[in-house]
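Note that the chains take the letters A, B, C, D and E in the order they are written out, and that residue 1 is the start of every chain.
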């Protein structure tokens, strides 16, 4: 969790810092992405060479060794070296073990910009299906998480009794509980968005609780003592000390919470009948042997999360700056 | 409403369930005055559970799974059986040297679980092959939702349906010559697949029975239409697939294969098929899937009315 | 060791308390009887206060002086109800320190500034006023006034980390003065300030005290400061922390800065220094 | 405003630096020429140092005194290479402060103690010794010695938060003394200490300085302390932070405590006070 | 209706007991309060299921789960060993070591930090539903693929926390190191690593629950015929919900123990941190 990571400490000019920050981040990110793409490109050959060799042989190319079973015993790199002609094929397989980045990019492009956004083939359409459950779940989860954290910080009873069970709740594999939740809600007549949102909330509330408990408890002894000398009420202590002190933690929690909510919404799409959304795309892409569909949905989901997290980062910067907590 | 029927499928939208989608799309249900909701399934949906929870009125299920649920205390009853023949088979690489059941020993085999493992377990126990691994038994893998374990050669054989996964193996570029298949039908261990089941207690309600009569009648009409108009049926299925990831080629081929399995049935359960299924399940030796022949696990009440 | 004059000069007679009329002996506000406090630490208990008895009357200006670690901070915290003695009895206005705290009897200046980093200097000073429900106009007026008093006018909008150490300390003094508590407890408030500012603030503090009849508890390390400000100087000694001398000042209440050159002043300072030295010799 | 004597008394002649033989004028160690430093803050720049020029020779004991916020800490940090001036030139031992820092030329005592909370007092003092690769035996020996020097023997195993403010401050002094750097930079090291300990540590520091010929930069708010310790007193003034006076002490190097009553001492103190007061009047 | 009343009454009693316990400040409160809370929860569940006539194939009562649990110990143990000991722990250690190494590496340069953190965040948002099938395809059905899924899942929280922790030093603490002219390694081991510990443990604690979920859920996408995820999904299909819940109990116990162990180590290593002091 990013707890406390939000508190910037670097010295430097404040004016124009946000712009400068964004710009200064572009090059490093591009560099890291470029390195990862390079590694990815390189990995494609060994990952796919056996499949490509099988395919090539079926297409009439001479491959050594000349039976699939014999090739099983040859290392990927060795096989590639002995059959250089097959190497280019590893980048264009229909069902690769590891698709080339260009294949994923093409699929992403095609299903995002190449079709109408209302079409079932559009990732924008599926993105919205997933996103709506995510946002609802996130709202539920965050509200619940903050409420629990406040309860835990202010009530010793809740602190003692609830926290261990909140931890235990997270060790329960959600995918195992999900069908039961769906069935139970279904028998109560609740269908559609809400069941997915509940699973999403279940995954997102925990990081928020942990982060906010830590944040609400972050004021040091002297800061608390000061309020004691004023005989401030508990609610004043909350609004004037604990809440502002917890802001960096809150944003860190929100950023983790929103990714967790997205993962939850996707996970929730399987037991709700995998009809639409990123999760359904991943599943069906996997089941019908279309790895590109799966990979594209996977990346689309991660990009969505990155955008959501980015939005919170901006909000974080803006409000921490207003609070004088970014230097 | 009293005309509402909810149907729980046992997998995602595909031509395996074409009859129901066709009946819906062609207005057959509407003609009967029914308002039908079709719930797609998925890797995480146990139709009997949905039925028990009141989430659906009718479910599709494989008979072994339904009979096992009955033994577990969920009294489900087969009211119609549109699938006459089993489409389940094991598909193996030929180059593993497997030619007969005996050759399975020492091999790794992918099996679907989630209530779909019963036919395989019965078969193995009838063949006297242990499923706990070792040289004299088979190593069982819980198979995911695709045919990768075979393609990646992590398994020597995997479970496939004639109408779906087998085609996917071929789509991956594998030629049938490279494969050996074992159809459960041919091995004499076939069990009934994709029947319609309802809760026993509901059958005491005449209104429900009447609704089911209409439902089965319309569904069978849908099935027969689908068998005759495979391309159109496949297109209807495709239209109903909300994921947008299915292809028309795959669904057309699936429809063709499915039609061969449904062809022999008018919807009524054939008692002989039922008996063979029960016998297979009971033959499980030390580890039978069901412990005693079930009573009242099926009824002709609905089909008798629907088909006349 | 220097034996002290009896600190329990006035007996604490609660009935008489804050109600006593003018002319009568000023009522006892803070009464400590054999206060003990032991901290439990990883390697054994630390006896921070032992058998501390002291009466402070309304309008007293009491300085605490002593080697570092002798329990000055700890005792001040006990008075403010921030620490609970493990033995003895301590009353404030006839109530327990807890209750007095709840009646908002204290303004407290901590040894470190302890400003809230998310509030500007002005916002920090305003904090107690918000909590105690002053009107907006009153808040603004008071903030301006006390910031001016500590020479921080113009820094209202800065954040704490943009100020030097001494400026932060002054802001925290302003914060404690803002709401006019009856009892002011100050833990080395002027430690980080230079002599000139210190003199200035000393004068301001004396004026404030004379004007308002506040009761002040004041920790300092400076002997002249203690003598200049106090009506009563409490000398403490460490291990275990205890009072070794209580000196009643004979200086008049009216104190120009050059009182520091009078023989009387020097005599008192001398006695304090002797007490301090004795405390050190104990080690 | 008081015009200062020219601080650039000795011209900085690098070649002569630390190499100059005995008898020669002591070499210039720290040379600041028109150092400027401006902080950018949310509401406008703060001119913390403006046109600061100063030479410090080997073996000098230089005190910095001035109202809070006048840039004492900032200048000390510049010398230590912890802050980079935005203008002017600053060299230490002929190198940039950065380089001197990397050559471990400094022992630095910060205005706040800044002990590492996960280390005991002993562990904190040992830290620089570990980093600089002293032998285990040497480490133990030195830790014991400097802790004794600051009167903290017996607290070796305590953690920082178990000590009073003054004790923490002393621990941080011990830490800076432990490894015998050539240049000691101390930012109000004795601010939280009482007069007795302060006198004691002042004496110790003078002895150490006399014995080791260290060069010392020392920030203080106490005029007597500055006069008692220094060979050179630098008076600063705020807004913008600048040097207003540099006073070369005429006191002998040998300084018993009672030198503080001599007319010479009082005269210097007077000059410092005037300088300080002038700085305040500027506001 | 009756069930509802009974549930409310039981809940009230449990909560009152806890209130009293917390007020008393008794030393046993630390373990007794969650226990009472848990027992209350179980009782509510049992009574709710029985009075509400909930089918056991939807939600079995705790008593039935307990019986199954005791009867299935060998199965549960085998599954535990496969999923937790092999899959989750291996992945957890691999992910943690990798995250720590990358954090330390990246921490040397502002450039790399700016580049790696967003990319890491991107990785954290890869849902297990997508990654698990891919790793099963690459590494097979047995535990290595589960360890990989776990490794990927725990990598990011630990990375982010370690990076944040390595920077969570005050300006003065860093300046002190600078005045010593301390090189990279001394200031890493003597300042940044100790200062990072509270954060690192934050990450490690959160990662414990992730590791468990990851290892179990990944088995849904292919596994040998042993393992907690395998058992759960298979048993759901067989409507053996009591066994499902027995596995969930194992998961919750193992997860809490794992988390507790981390919290205990944290307590011992970061005793100096304000949040641990009181």
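As a working rule, contacts are C-beta pairs under 8 Å (C-beta built on N, C-alpha and C of every residue); 3 or more make two chains touch, one makes a residue touch a chain.
The shown structure was predicted, so the numbers you read here are calculated from the model rather than taken from an experiment.
Novice: Using the touch definition from the top, how many steps at minimum link chain B to chain E?
Specialist: 1
Novice: Quick one: how many steps at least from chain D to chain E, stepping chain to touching chain?
Specialist: 1
Novice: Report which of A-E and A-B is connected by more C-beta pairs in contact.
Specialist: A-E
Novice: Averaging over Cα atoms per chain, report the distance between chain B and chain D in Å.
Specialist: 86
Novice: Distance between chain B and chain C based on Cα centroids, please, to the nearest Å.
Specialist: For chain B versus chain C, the centre distance works out to 85 Å.
Novice: Based only on mean CA positions, could you tell me how far chain A sits from chain D in angstrom?
Specialist: Computed from C-alpha means, the inter-chain centre distance equals 52 Å.
Novice: What is the distance in Å between the mean C-alpha positions of chain C and chain E?
Specialist: Distance between chain centres: 50 Å.
Novice: What are the residues of chain E that contact at least two other chains?
Specialist: 58, 133, 137, 220, 233, 236
Novice: Name the residues of chain A that each touch 2 or more other chains.
Specialist: 97, 175, 179-180, 183-184, 187, 270, 283, 286, 324, in rising order.
Novice: Would you mind listing the residues of chain D that make contact with two or more other chains?
Specialist: If we look for residues of chain D contacting two or more partner chains, we find 41-42, 112, 159.
Novice: Would you pull the chain B residues touching chain A in the complex into a rising list?
Specialist: Those residues of chain B that touch chain A are 12-13, 39-46, 49-50, 52-55, 93, 95-96, 144-147, 151-153, 168, 171-175, 178, 241-247, 250.
Novice: What residues on chain A touch chain C, complex-wise?
Specialist: Of all residues in chain A, those touching chain C are 222-223, 225-232, 236, 240-241, 244-245, 247, 323-325, 327.
Novice: Within their complex, state which residues of chain A touch chain B.
Specialist: Its residues touching chain B are 51, 54-55, 58, 67-69, 72, 94-95, 97, 119-122, 125-126, 175, 178-180, 182-184, 186-187, 270-276, 280-281, 283-290, 293.
Novice: In the complex formed with chain D, which residues of chain E make contact?
Specialist: So the residues of chain E in touch with chain D come to 170, 172-173, 175-182, 186, 190-191, 194-195, 197, 270, 272-273, 277.
Novice: Could you list, by residue number, the parts of chain D that touch chain C in their complex?
Specialist: Those in contact with chain C are residues 39, 41-43, 46, 65-69, 73, 111-112, 151, 157-159, 162-167, 169-170, 188, 191-198, 200, 221-223, 273, 276-277, 279-280, 283.
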